[in-house]
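Below are structures written as structure tokens.
Across the two complexes that follow, subunit A remains constant while its partner is subunit B and subsequently subunit C.
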Partner chain A sequence: MLNIIKNKDGSSLNIALEGRLDTTTAPELETELKAALPETTSLVMDFEKLEYISSAGLRVLLSAQKLMNKQGEMKLIHVNDVINEIFEVTGFSDILNIE
Partner chain B sequence: MKHKSRRVSLSLRLNLLVIAIIFVLAGGLTFIAYNINGERVDRYYKQTTSYDAGTVAAFLDGDWFARFLDTIRSEEYQALRARAIEAQDEEMIRDYLTANGWYDGYRENCRILSDFRDRLGALYVYTVTLEGGDGFTVIDPDEDLLYIGTRIPVPPEFAHIKKGERIEPTVSVTESGWLCSAYENVVDRSGESVCQVGVDIDMTDVKAEHRQFLYHMVSFAAVLLVGAVAACMLLMHRMAIKPLAMLSEATVGFAARGEGFTKDEIIDLPITANNEIGDLYQVIRSMQGRIVEYLENLTRVTAEKERISTELNVATQIQADMLPRIFPPFPERHDFDIYATMNPAKEVGGDFYDFFLIDEDHLGLVMADVSGKGVPAALFMVIAKTLIKNRAMMGGGPAEILRYVNEQLCEGNEAELFVTVWLAIVELSTGKGLAANAGHEHPAIRRGDGQYELVVYRHSPAVATMEGLKFREHSFELHPGDSLFVYTDGVAEATDASNELFGTDRMLASLNRNSDAEPKQLLVNVKEDLDRFVGSAPQFDDITMLCMHYNGPEVKDP
Partner chain C sequence: MKELKIEAAVDRLDEVLAFIDAELEARDCPMKAQMQIDVAAEEMFVNIASYAYAPGHGDALIQIETDPDTRVFSVTLIDSGIPYDPLKKADPDVTLSAEERGIGGLGIYMVKKSMDAVSYRRENGQNIFRMEKKI
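Presenting the complex of A and B:
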């Protein structure tokens, strides 16, 4: 149950996620990113409506972050409290660029 | 109850149809043939009779008849005739005709008419006048003399006929049977019509014959019907019903077999017809061929799956064997109790726990969770577990150990897996400890007789996320009677059928249900509550727990 809303403008990509990013849905996001990231230099992910993120979801974010570190920048916006707590606890807030 | 349409066999339907068609066809043909034949016979008879009447008329002397008619129409003759009929005396007429010179002519014409009657095989040959609505009999060889000059009513069908006009021959039923009647005008020298000669030919026999023809036709049609139906049934049976029944039986046999098909199982019937049934047979054959092929393939794939499954079971066993599973692990030590469990979600899991004595005074505790599941996670787990323990045995603090492990795991980590690790080293003689939390769950701690509570602090990123990471480290202190409980997200994030999380609150409640319990019983309590909460929902993640109870330094006996 994950809605991936993509908005592409040249080399910048805006992705809004709605629902749960878990073991079942993480592969969907991974497929989308794999297809879009090679020609992206600016990736913005909107987590306003993301309800949950599991370790599988974190792994996808980590891959994206690593790739974007090489070819541009990636940032997360509108990260809600639930997700932010997960980032804090897992130490991902040290790695990810959260605004 | 649902109404099921009645089963009517195909052959019965087809046969009924054939019977109906042949019945209508034969009936129609018989009717047409009967009518055509009847008309043809009638026409032939009318023509012949008409021709005969013409022949007779040509032999008669029209002038004589003209004069004779004048005489018998006269009042004098009619009066005599009335008297003769009253007296029933034929002689009176003969005397009159003889006296007036008509008798010889009368005799002569009688002879001509009867002659023709006999030669033509006619029933009657006679002369009358019909035209103008004023009919008289003239000469009829089959009647006596009293008949001459009888006024006769003209039949309505002749009433409109004018003098000299041709009268169409007719076929009709009279009291003497079927008759074909034709008239021909007898003409005088100037060509004027004087009277008509009538010829009646008996058609009773012909009509009987015609009816006989009908009977023949009907019986022939009946024989034809029976023969055709029999032939049709036979042909239908041989060409359609039998092959279809054979096909049906063979395919039912094939369909009834659930499994274990081989190529020999494919139907092989003596159907060679190059028609729709032949096509159907070929299609069924090729379909069955494909089913057999598919099933063979399926069997192969299933066998392969079973093999993999067996290997996975072995892998699960190996993985389980890697975790310390013998409790109590250090039976000679009484300064701490420890218990841990791991329930993988799939055959092999990515969770692991570990505990080991680095030296006589230092206990290493590990709780970790590899991102992802299945074989890749399990392989990664093996490397991570080995690296952590080996590095820890070499000495150094948790941060230093994790930094080393992180560098090692980041090398060639193409699958981009990472592992959250809680690593603690406790000095058993003092209860002082150092811990590092690389993205792992908050541990729970119970101080003395208190309740289990989460220890919340900021964590470091997970191990193997990125090269060059530095890990935070913090110190803590355990007092005799304190307990530590660590777990993976499989506990806190277990979900029930309505997708609700078990959560750390429920977990703490579970721990505090009987907070005095031994580590082993404590884990059993949590697992029980967890199972009750999840119900029938499938287990998504590995469930791993570890509990350590600190008793304080051993009091050495003097």
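Presenting the complex of A and C:
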């Protein structure tokens, strides 16, 4: 179960995720991002209420980061310790812009 | 030991994790370890669901056990699909930049990094993958 809460202000997009970003739900985020990112130059993803992330979720984040590197910036905010550890182990903490 | 026999399909993932979480919660497993075990179980179950029987269908058997003395929790995933040793997959280079990173190989790497021990064996036409973590 994943809730995706989008807040758009011109070319700035804030996406808050609530729940689980896993094999079942990652395609939902991928679809949302595909639709919204072409006109976004600043992407903020709020992980305050994200409880879980698996490699399926990491793949979506990596694609988004690659795209945003070309056209603007992307950052993650409010990442909890447990999810941060997953980023550390996978080297994603060096790739993603975590605030 | 507890067992769950379930169709190896991605849409059964929630049931697999609920089965594992019930045991971990009953053992007062810390949240961090529980998430790492869930992530590992998800990777391995989704692997079986995606590849073991393709293009057909089959079941996975999931066995879990907690040693009450050492608090070592183990998950064993068994399938009767094509032989596949996930531990043979090369580790991804986690030092590469976003542009250089591919999207494959991360799952099994996360499993190896977050579990204390993992093993694979092929026996009687079955793939048997076992992982352990102290909780």
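Here is the rule we go by: the second predicted complex is superposed on the first by the 99 of 99 C-alpha atoms of A that agree within 3 Å, B and C clash if a C-alpha of one lies under 4 Å from a C-alpha of the other, contacts with A are read in each partner's own complex, and residues count from 1 in each chain.
Here is the rule we use: a residue touches a chain if its C-beta (ideal position, glycine included) is under 8 Å from a C-beta of that chain, and two chains touch if they have at least 3 such contacts.
Everything numeric in this text was worked out from a predicted model, so none of it was measured.
*Asks:* Look at where subunit B and subunit C land on subunit A after superposing the complexes, then choose clash or fit.
*Replies:* clash
*Asks:* Under the stated touch criterion, which partner chain does A:V82 make contact with: subunit B (first), subunit C (second), both, or neither?
*Replies:* Second partner only.
*Asks:* May I ask you to decide whether A:S54 touches subunit B, subunit C, both, or neither, giving the answer as first, second, both or neither?
*Replies:* both
*Asks:* Which partner, subunit B or subunit C, touches the larger number of subunit A residues?
*Replies:* C
*Asks:* Given the touch rule stated above, what does A:P27 touch, subunit B (first), subunit C (second), both, or neither?
*Replies:* After superposing on A, A:P27 lies clear of both subunit B and subunit C.
*Asks:* In the superposed arrangement, which partner chain does A:S63 touch: subunit B (first), subunit C (second), both, or neither?
*Replies:* both
*Asks:* Identify the partner contact of A:I95: answer first if only subunit B is touched, second if only subunit C is, both if each is, neither if none is.
*Replies:* In the superposition, A:I95 contacts both subunit B and subunit C.
*Asks:* Among the options 7-15, 331-339 or 529-537, identify the stretch of subunit B whose C-alpha atoms clash with subunit C after superposing on A.
*Replies:* 529-537
*Asks:* Where on subunit A do the contacts from subunit B and from subunit C line up?
*Replies:* Dual-contact residues (subunit A): 22-23, 54-56, 58-59, 62-63, 66, 89-91, 94-95.
*Asks:* Could you please specify the touching residues of subunit A with respect to subunit C in the complex?
*Replies:* Against subunit C, subunit A makes touches at 22-24, 51-56, 58-59, 62-63, 65-66, 69, 81-82, 85-86, 89-91, 94-95.
*Asks:* Using the touch definition up top, name the residues of subunit B that touch subunit A in the complex.
*Replies:* 369, 371-373, 416-418, 420, 437-442, 458-462, 465-466, 469, 489, 493, 540-541
*Asks:* Quick check: in the complex, which residue numbers of subunit C touch subunit A?
*Replies:* Residue list for subunit C touching subunit A: 10-11, 13-14, 31-32, 35-36, 38-39, 42-43, 46, 94-99, 101, 103, 106-107, 109-110, 113-114.
*Asks:* With touch defined as at the start, can you tell me which subunit A residues reach subunit B in the complex?
*Replies:* Residues 22-23, 54-56, 58-59, 62-63, 66, 88-92, 94-95.
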